[in-house]
Structure formats: structure tokens, C-alpha cells
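Chains: A, B, C and D, in written order; residue numbering restarts at 1 for each.
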Amino acid sequence: MNEKLKITIFGGSGYGGSELLRILLFHPNAEIVLVTANEHAGKAVGEVHKNLFGLTDLRFSVAPDDLSTLDTDVAFFALPHGQALNLIPQLPANVKAIDLSGDFRINDADIFKEFYKLEHTALDLQKQFVYGLTETNCELVKAANYIANPGCFATATLLALAPMVKSGLLTGKIIVDAKTGSSGSGAKAAANTHHPQRMNSFYAYKPFTHQHVPEIEQHLKEVGEFTSDFVFMTHSLPVSRGIFASCYMETTVNLTNEDAQNIFKDFYKDAFFVRVVEGSPDINWVKTTNFCDLAAHSNGKQIAVFSALDNLVKGAAGQAVQNMNLMCGLEETTGLMLVGTNP
Amino acid sequence: MNEKLKITIFGGSGYGGSELLRILLFHPNAEIVLVTANEHAGKAVGEVHKNLFGLTDLRFSVAPDDLSTLDTDVAFFALPHGQALNLIPQLPANVKAIDLSGDFRINDADIFKEFYKLEHTALDLQKQFVYGLTETNCELVKAANYIANPGCFATATLLALAPMVKSGLLTGKIIVDAKTGSSGSGAKAAANTHHPQRMNSFYAYKPFTHQHVPEIEQHLKEVGEFTSDFVFMTHSLPVSRGIFASCYMETTVNLTNEDAQNIFKDFYKDAFFVRVVEGSPDINWVKTTNFCDLAAHSNGKQIAVFSALDNLVKGAAGQAVQNMNLMCGLEETTGLMLVGTNP
Amino acid sequence: MNEKLKITIFGGSGYGGSELLRILLFHPNAEIVLVTANEHAGKAVGEVHKNLFGLTDLRFSVAPDDLSTLDTDVAFFALPHGQALNLIPQLPANVKAIDLSGDFRINDADIFKEFYKLEHTALDLQKQFVYGLTETNCELVKAANYIANPGCFATATLLALAPMVKSGLLTGKIIVDAKTGSSGSGAKAAANTHHPQRMNSFYAYKPFTHQHVPEIEQHLKEVGEFTSDFVFMTHSLPVSRGIFASCYMETTVNLTNEDAQNIFKDFYKDAFFVRVVEGSPDINWVKTTNFCDLAAHSNGKQIAVFSALDNLVKGAAGQAVQNMNLMCGLEETTGLMLVGTNP
Amino acid sequence: MNEKLKITIFGGSGYGGSELLRILLFHPNAEIVLVTANEHAGKAVGEVHKNLFGLTDLRFSVAPDDLSTLDTDVAFFALPHGQALNLIPQLPANVKAIDLSGDFRINDADIFKEFYKLEHTALDLQKQFVYGLTETNCELVKAANYIANPGCFATATLLALAPMVKSGLLTGKIIVDAKTGSSGSGAKAAANTHHPQRMNSFYAYKPFTHQHVPEIEQHLKEVGEFTSDFVFMTHSLPVSRGIFASCYMETTVNLTNEDAQNIFKDFYKDAFFVRVVEGSPDINWVKTTNFCDLAAHSNGKQIAVFSALDNLVKGAAGQAVQNMNLMCGLEETTGLMLVGTNP
């Protein structure tokens, strides 16, 4: 590939945008031609994201009024829910789009409305979107023009559940106890991320009603026979980055620990960014990286699977670039060798 | 009561001992006559627990060789597992004992051995111990001479499960996803509490095998009809203090949220130290206090109960003093008005 | 004293108000008759400050329009700068007032205007205010009707500098490198207290221009001969509570470490809430308490004094109550035995 | 360059070794041929540094008994103080050595003994060492065979002081108030890095006696005319990574803020890894990177310079690789584009 892909990022000032910039500025096959951030238009990227100071001369722009003439190969949308819904239909046909919001993840207009409190105004276009959980949808992603990039909780949960659902061994309900770091709430200060309180805090929120539930259920039905009751509970962790999901299932037959681990090792044998680990994953080992670490344990028929990832990378910008790589015929790992640190 | 209770604390240098000292030094009906800490013998308490500097002239002593002449009314044991087992049988008959370790919690010698890797050498004495979950065992505690003070995870879990088990409405398995702060690992530095790593960490440990499982199951059978499968999973949180348990159950009948909350409000209507809250409890609001905060949610037949407490207070030293108060005919809250802070 | 003091708190919803409530609700000689918080008027105190849930039935009120008939013995003002300036002049003459803001700390109207960007509209009343650094101004406080409660940074700094200034041994400039926890920014969420960033953050702010500089200089001139150049620098720490000030001075004569410590031990021999410690103080040991811990070190003529306190207690609400106790003829420590914790 | 440099790392299991591995495993001109860690010999690198799991098949080895036949181009020593002293003299003459410990930083044997409590047994070899503060010693580093890599505190302090010392404008004493994250204490758990206490902690340590003082003073004399009294104070921050130094100086002439900033912009105009920023640097923006961020402020003749870096990268492993790059004729930034993150 001798020419670089021309990249546009809509919504460059939030944490999703911040991480897209961190990755794509150093991606060998990408060149960012436009990054929008209306409130910061004109400012240097390195002035807003001070980690990037000295590393780029790029500046934020206002979003163009007319997208139909946008000269770009790939457009990323890292905007609040409801905005990509209006923008992506305006893109020229040759532009590949990757949406990090929930706007195009849900097939069913009623369910979308129930969870996002919005009418879906682009249902035909939605049908062309591929759900970008790269590891389970690899071939569809390669052929896609439009990607609905999975939610952070959904990614952690689906990577833990998909091998078990695929195995056909499950019975009874599935319970997922999921926890997220504070960056999951976005870059704007708010009461629930006020440092004096949050640093000593752990609590549950949105019991039974988190908006990632329908995309998880929808995709599990694509992965295998899925009819289980599904209980999904979200909690807030006093760390900056990271999601940890503890997933409780039951199997129809007895499994040893090794059996359980092997189901995962087998399912992910070609997946560079999924690591099956001993004992427990730890968000410490995946923070700032595109890895999802998994471990499975069995107590006979009771199975626990633990999943850890960085909500902003494998749970957002990293997976988005992973999808871009596949859509554009690049090696999956290009630009994504984001090495974690100890400590 | 014109005379103060004479108090001995065995094991005053750990976090359990530290919190017993914080509470009992200011308890209006208590006077600490002896506090042991072999490695710190001779040192001022305020030199080891620097929070207490300027507040007491007490010094640590070596444990006496002969306990049979101990002149004390109440003896607290805040020692590593396996030590109270040898010491409590030596006490004079008139000394009330409260053990914060697991040594006397388990009725069944085989189960004790399986989880604690120790032969139980005082089985007859064990039969005289009352399990000191104050809210469920109030009357037995009042009459007791020996208290097995519940584990921190067990307290958080049992306070969340007892009302539901008692209600007779449960069916199917119970799953408890529990998380603890780093002080649960004790006062000695160790790899899993090394700050550079722990501060960004969240992970699971001891899957399916935590030693608090048997005391939880044993006490639930005392509370009501309990035959459920029970899955208990422990995780490490990057905070200093606090336990949060998310408990998943199923009922035979549909419950509204309000129904679920009312089960708890009713069960704990006389329990000063259990607060039924809206939404979710948060360890931030219970840290350093003797409160356990609970909230129940229902999604029809799927029930989630959240429980938060301070592992060193309601999960250890605070509950121990609460038990002492009842055993000695004092008001339950005496010396325990430990007011939390915002933030 | 058989009757309780009637207490009014203006501004009960911020962190200063939160801590006043925590202390005064359990103060044996105080009864809160009114606590204002316009945005929360009508709400239960325990709904806003969830640490107090179950501990009080008090509710927030709107501030009364007419203060001239306020039936209270002591009024605390925990309002943003500029509000007490208008309210305190309206109080009946028999009401003692303690202002936690900077409105009445500065004697010089020009300096006040320079640092607070406000015209001072109550200069005559200001002359009746006593600067409430309890340890240095004890006798004046006892006789005062109006207290300007010192700033948090000012308290930590002045307690470290006063004994040295008083000693008459200083020469050359004084440099104070001060650090505060995030609760110093108040209860409202803001960019600089956004958890995802703040938890890994340390930075300086307001170089050379912090508004506590003039009150420090003004009070040092009351304490002794003070003509030094004074450099004061503020930094932000990623903890919730605590101030740590490192104070660098030079003496005209050589001092040993012991000499330096003795200056402090002597100066504070009657001060219960100042502890002179070995090595270094640590905010961990003073958090949630009314203590200021100090340590002095000498390298010949170069002196370093370290000072640690809780910005919301000794640096605000705790010192305010300490002042109230003295003004009202109570024991200085009444209601202030707020025992710290380990950990 | 068609062949890769053969690299040996002595001491691969600590945090210095961890970061050397993170960087050198992905350095385009380096191949790690040996990494030692006696206690982990035989184990996979990715088992000890779990961030590297899946990224390398490298295993730890025991250190060879005989170094004289070591087949390597560059040897890094990330060992406790006192060990490189014995090992580096055994290396073949053609091996370039970079020592991250303090063993070869100090020219004066008496001072070395005073601060490191060790006899220096390789004084002749020490004379061949270049002090590897890359930005001030660039030309000497290029020609060096042996590098004494600066201490983390020394790097932060010297980068802040060197431009001012070089300017010739200083008068009077210099005071440096320095703060470090917990990873500065190394990978082994210890009381001062025990999470329950450290997370709420800030304290000073080693007042006036830190072992980085002599290397700072020694190098400032190489940079310019340096005769100032120098007060250096170290403190512990409750973050994992990062050093922040607040440096207080006085100039003989009045400087504006802009004058002060310009001294730094000019001095570092060719230094990629030093960024002169507005306001204050923040450890949040340099963590995991090789950048040192600086800001200078003036209040007339009182100057404050703030310096922030990652103690394990620019303060250790990153600077070591930066030195290797120069010693081996590579571009200074090769393998060091470690991009920070927001948040």
C-alpha cells in the first residue's frame, strides 16, 4: 500500500476522539485530514490533548456543513449518541464509516427507541451496518462499508460469552456483573466523576436497564443458539480506565477448569487481541492497550468467565481502528501494538 | 453502669486491632487494660497507629504466657487464623471472648479443615460460640459468652441475603459477586497490595473457594429454608476500605422494586446499623462507619441486592464491639456513632 | 452549661457545610436550628450528605430574607467568597458569627480587592473580626464576637511558620511549597477535579498569586517581627482530603534537628490539636481529624518544616468549631475528638 | 543499519527492567539476546510482566558467571545499587554499558561512600563513564562507551536547573521540592508502598540527605558556574508513576514570565523530549512517555520552575535507550515514540 488512507474524525475532543488521535497519528497507513471539535475549532490538538503536545501540528476544525463532498477514505464518528444518525446518511458512497456511538448497533427500531429515547431515522442504512466485534465478525467486517462499533461493556461481555454460547453447552440464565472506570463517563466533568468522592467510591447504576443489553442479546443470537435469561448489571470503579466483567453461566455437563479454558483457547486461537490468561485477568495489564484478557473457571456446572479490557481502546477507539484495518485490507494489528506497562 | 468493662485486645497491631483501639479507647463503658502485639511490645500505641498519637498513653505488651489468671471482662482476638483456637480455651470462665478470626465460625470440623487447612482442636468449646451477625442473631448474642465474629465478606453477603431467604420467596441459585478494598489483606505489605500496581487494578481471586462460603451457607440455614446453589466470587478493588456485594437471586413470584425494598425495610426496621437506601449503596458513604447500606431491585423475578460496608468496621471491629455491647447489657450503639464523611 | 447553643449554618450543602454538620450534629453543647442551602431547600440533610442518612431528621431551608430577627447564638457562614460580606452586617448584635470564607480576613481594602476582585463593603465591621488561627490567637478568640476563620493553606502554613517567626531566628526569604487534595476545590464538579484525569495528576496552580498569601503575611506580622520575602506556591494532589506544606527557612544561627523540634514542642505545648511528630507528618494520619501534624528538620541553618492537616477540618469546619468552643466558654476539644483511622 | 544491535539486560524483573523490555522489544534496531533475573530464571518474560504476555517468547536467564565472553553490543544494568560496580569491570572491551543504578554517577569516592554506604572498587573505570543526562551531555554521550544513567529525581531537577545555571543569572540558594510516585520504590512490596495507607498519603522522606543530591551538584558544576546553596527535599506521592519537581531560584535581574520561559525554550530548542509548556506541567501528561515537561514562572527576581516526567521512562529506562541511540549512531527518538494518553 503506497498511499495512506485519508481519515476524518468527527468528535475529536472527547475521550473516544482522544484515543483515535493517539492511535491514528502514528498509524503507518493513515493520515488524518480532518478532525472536528466545534467548541475547540481552531485550537491545536496538542493544546486540548496535552499528551499529544509536540507530536502533531494538527488543529481542530468545525464540522463541515455539507458532508456530501467530503474527501476522505474512512470517517470515524466519536460523537454523543444521536448525532451520527444524522451525519452518516450524508456521506458520499465511497466513504467507509465507523460509528463509535450506539446509533447503528440495534436492528430493531422499537428496542432502539426504548433504550436510546430516540426515533431511528435511518433504518435502511442501519441494515448495511456490520456489528464490529472484530473477533466474532471478522469476515463480515472485511466486507463492510459501515461499522457499528460495539459498546465498551458489550465488547467485554460478548468476548466472554460468545465462546460459551457457541459451544451449545449452556443452560439456565446468564448473569453478568460488569464494572467500569470513570473515563467511561466521558471527558466532561460531572457529579459522578467528581474526584473527592469518586476516588473512594464503588456503586451500581442503571440496574437491569443499561443500553448495552440489547446489543449483547442481539449479537449472541448471531453467534449461536441463545435463549437464556440475561441479567446485566453495571457498576462504577474508582480507576480511570478499564472494564472488568464477571460472567456467571451454567453448563449442561460437568466441565473441568481446563475444559473451560480450552473452549476459550480454541475459540480465540487466531485472535491476536484476545489473551486467555491463568487465574484472573486484571485491568492493570490491559490498560492503554487493545487487548481483552479472559479467564474461565468451572466448579462443575457453574462457570465463571472474567473479562478485562480498556474501555477506550478495545472498548472503543482501538477496536474501531482494528475494524478499519480489516475493512481496508490491512493487517489487523497495524498501528495497534500499544504495549501496556508494568506497573 | 458505674464501672467500666475491663478490656483485653489480643493482636493490637493489625488493622482489626487498630480499629478496635480506635473504637474502644473512646467507648464510654470500656477501659483497655491490655493490648498485645509481640513484635511491637513496649512501643506506644500511638507510635504504631499514628492516627492515635496524642490520644492515648497505652503501650503494647507481649501476650501473657498464662491466660488462666487474666483479669479482664471481655477479650477480643484479632489474630491470624489458628491462634485464637489455642488461646480462648485457656481463658478463665468469667471472661467473655469475641474472636474476629475464622477459628470458631464453622460447626463442622471437616469443612473447617477443608477451608482453613487446620485441625480444629476445640470442638466442644466451638459449640458454645454464637455467630455474631448482630442483626440476625441479636437474642443469642445477648446471652452469649463466646462470639465468633463474622467475616467481612460474610457480613456484607448475609445482610443482603438473609431477608430474602427468610421471605421464603427464593428459587434457583444465588450468585454473589463481592469486591473488597485492599485493607482486607491486612496490615502487612504484600505483592497484591503493592501500591504501584494495585492502584490501577481490579481482578478476581480464589474463584469458588473463598473461606467465607461455608459460614455464609451455615448461617443462611439458620435464618430460613436454604437449599439454593450458591456461587460466591471475590474480587479486589483499588480502594483502601470497603466491601461491595452484588447479590443475584430469583423469586417464585413477581416483585416490584418497592416490594423488594419493603422486604428489607421490614426485616431491618429495628436495626440501627443497616440502612436501606434508594438506588445503590456506595462504599464512600459507609467508610469508617459501622453501617451496612443495602438496596434491592427487581426486574420481575430477577432480584439484585447491593450491599456496602466498611470491612474493618461493620465487617470486623465495629461489629465486634456491637456484639460486646449486647453481651454486656449496653445500648447497641454505644461507642459506635462513628460518623462518615462527605467526601 | 445546661442549655445548648442554638446554631445556624449558612451554606450547608458544600464541603464546608458538610463537615460543620458532621461535627455539630454530635456536639454535646450545640443544636442546629437552621441550615440553609437554597438549591436543596426542603430536602433532608441525609439525602444530600448521604454519610448522615439515618443520623438526623434535619432539612435544608432557604436562607431567610431578613436576618435581623434570627434567633440563634452562633452563625457559621460556609458560603462562596463575597456572600458573608453582605449577610453578616444584617445579623442581630447578640449573634456570634464565624465566617469560613475570605471575606473578613484581610485588613487592607486594597489588598482585599486585589486578591478577591471585590470591593469590601463592610470595612468597619471587618475591624471587629478576629483572625481565628486558634493556636496563635487563643485569647483574642475567647473575647471575639466575629471570627474570620483562616484559609486551609493559611492554617497549614501559619502553624508551620509562626514558631519560627516568633523565635526571632529567621533571616532571608521563606519558601512554602504547599499541596492540597481535591476537596479543596469544593463540592461542585469541575474540569480540574474530573476523576479520570485527576487520579494520575500532580500540578502547580496560581503561581505567586494565591489569595491566601496576604492573610499569611498579615498574620505573621502579628505573631512576630516578619519582614522576609515570602514565596508561596500551591499544587494539586490526587487525594480527596489533606494539605501538606513544606516550608523552607534559614536561621541566623546553627540549629540541630532537636533544637528545631524543640522550638515547636515549646510553642505548641498547650495546643491539643497540634502534634509535633518525628520524621515527617503524613496526611494519612490527620485525614478527617482536627489535628495539624508538624515536624522540623535542620541542616545547620537551612530549616525545613513539614505541616499536614485535613483541609476541611483543621483547615475549615473543625477550626471553626474550635473557635466557637472558645468564644462560648466551652472546652476547646468539645465535639472535636474526631479520631483518625489506620489505614 | 541492516543488523540489529544485540542487547543484554541485567536485572529484568524490576521496574527498570520492565520498562527496558517494553521499549527494547519493539525497538527497530535492537534485539534482546539475554535478559537476566535470577529469581525468575526460566520463566517467560510475559509471565512476570503480564503486560507483555503474548508479545514475546523471551525467557529470563540467570546471570552468566563469566561476563568476559558476553556476545552483546549493549548491556543495560537495572540492578540494585552496588551490583553493576562488580559486573561492568568484567565486560569485554567492545561492549557498551549503560548503568541505571548510582554506582558510576559520582566522581568522588568519599562522597560516593557517604551517600551509598559502599567503597567504590572501580574508580578508574568510573572515569570513563559519561553522565547520561542526554539533553545537556549530548556530544559526550555520542562518544561514550559507558553511561551512568541519571537518577529519576536528578533528571527532573537538572533539566529544570541547567538552563538557569547556564544563564549565569542566579544568585542565592536554590530550593527543590521534589515528589515521586510509588513505583520509585521499586517492584518489591514494602511498608511505604502498602496500598491501604499509601493511597491517602503524602509525606516527606530523607530530609536533606537524598542520594541524588551529589550527582545534581556535580553535574550543575559541569553545566555552568554553580556555587549556590542547594536544598533538596523528597516527598512521596500517591500515584504509581511520575516525578514533579518545584524549583525555587533567585535571579540578579528582574525577569518577566516570558523572559523565564524563553531561557528554557532557547536552551531546549533542539531537545525533542523536553517540552516547555504554559502554566504548569502535569505528571498526567508525561506518564508512560519519555517527555520531560517544564514551565518557568517569574515574580520579578523570584523564579519557580516546574518539571514533570515519568520516573521509569525519562527518569530511567527511556533515557537509557535515548543514550543507547546516540552512542550507537541512531536517531535519538528511535523506539521512544511512546505516546501518552488522555486521560
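Keep this in mind: a contact is a pair of C-beta atoms (placed from the backbone, for glycine too) under 8 Å apart; a residue touches a chain by one contact, two chains touch by 3 or more.
For clarity, every value in this text was computed on a predicted model and none was experimentally measured.
**Q** If you average the CA coordinates per chain, which chain's centre is most distant from that of chain D?
**A** Between chain D and the rest, the longest centre separation is with B.
**Q** Any idea whether B-D or C-D has more C-beta pairs in contact?
**A** Of B-D and C-D, more C-beta pairs in contact link C-D.
**Q** CA centre of chain C versus CA centre of chain D: separation in Å?
**A** Between these chains, centre-to-centre, one finds 40 Å.
**Q** For chain B versus chain C, what separation do you get between their C-alpha means, in angstrom?
**A** Each chain reduced to its C-alpha mean, chain B and chain C end up 36 Å apart.
**Q** What's the distance between the Cα centroids of chain B and chain D, rounded to whole Å?
**A** 46
**Q** Counting only residues that touch at least 2 other chains, which ones in chain D make the list?
**A** 15, 183, 187, 194, 196-197, 199-200, 238-241, 282, 342-343
**Q** Considering the complex alone, what residue numbers of chain C touch chain A?
**A** For this pair, the touching residues of chain C are 15, 181-183, 185, 187-191, 193-200, 238-241.
**Q** So in the complex, the part of chain B that touches chain C is made up of which residues?
**A** These residues of chain B touch chain C: 15, 18-19, 22, 25-26, 49-55, 183, 187, 240-241, 272, 275, 277, 282, 285, 288-289, 291, 337, 339-343.
**Q** List the residues on chain A that touch chain B in their complex, please.
**A** Result: residues 172-173, 175, 177, 179, 194, 196-197, 199-205, 207-208, 229, 231, 233, 235, 237-242, 244, 246, 248, 250, 279-284, 287, 295, 297, 299, 302, 304, 306, 308, 342-343 of chain A touch chain B.
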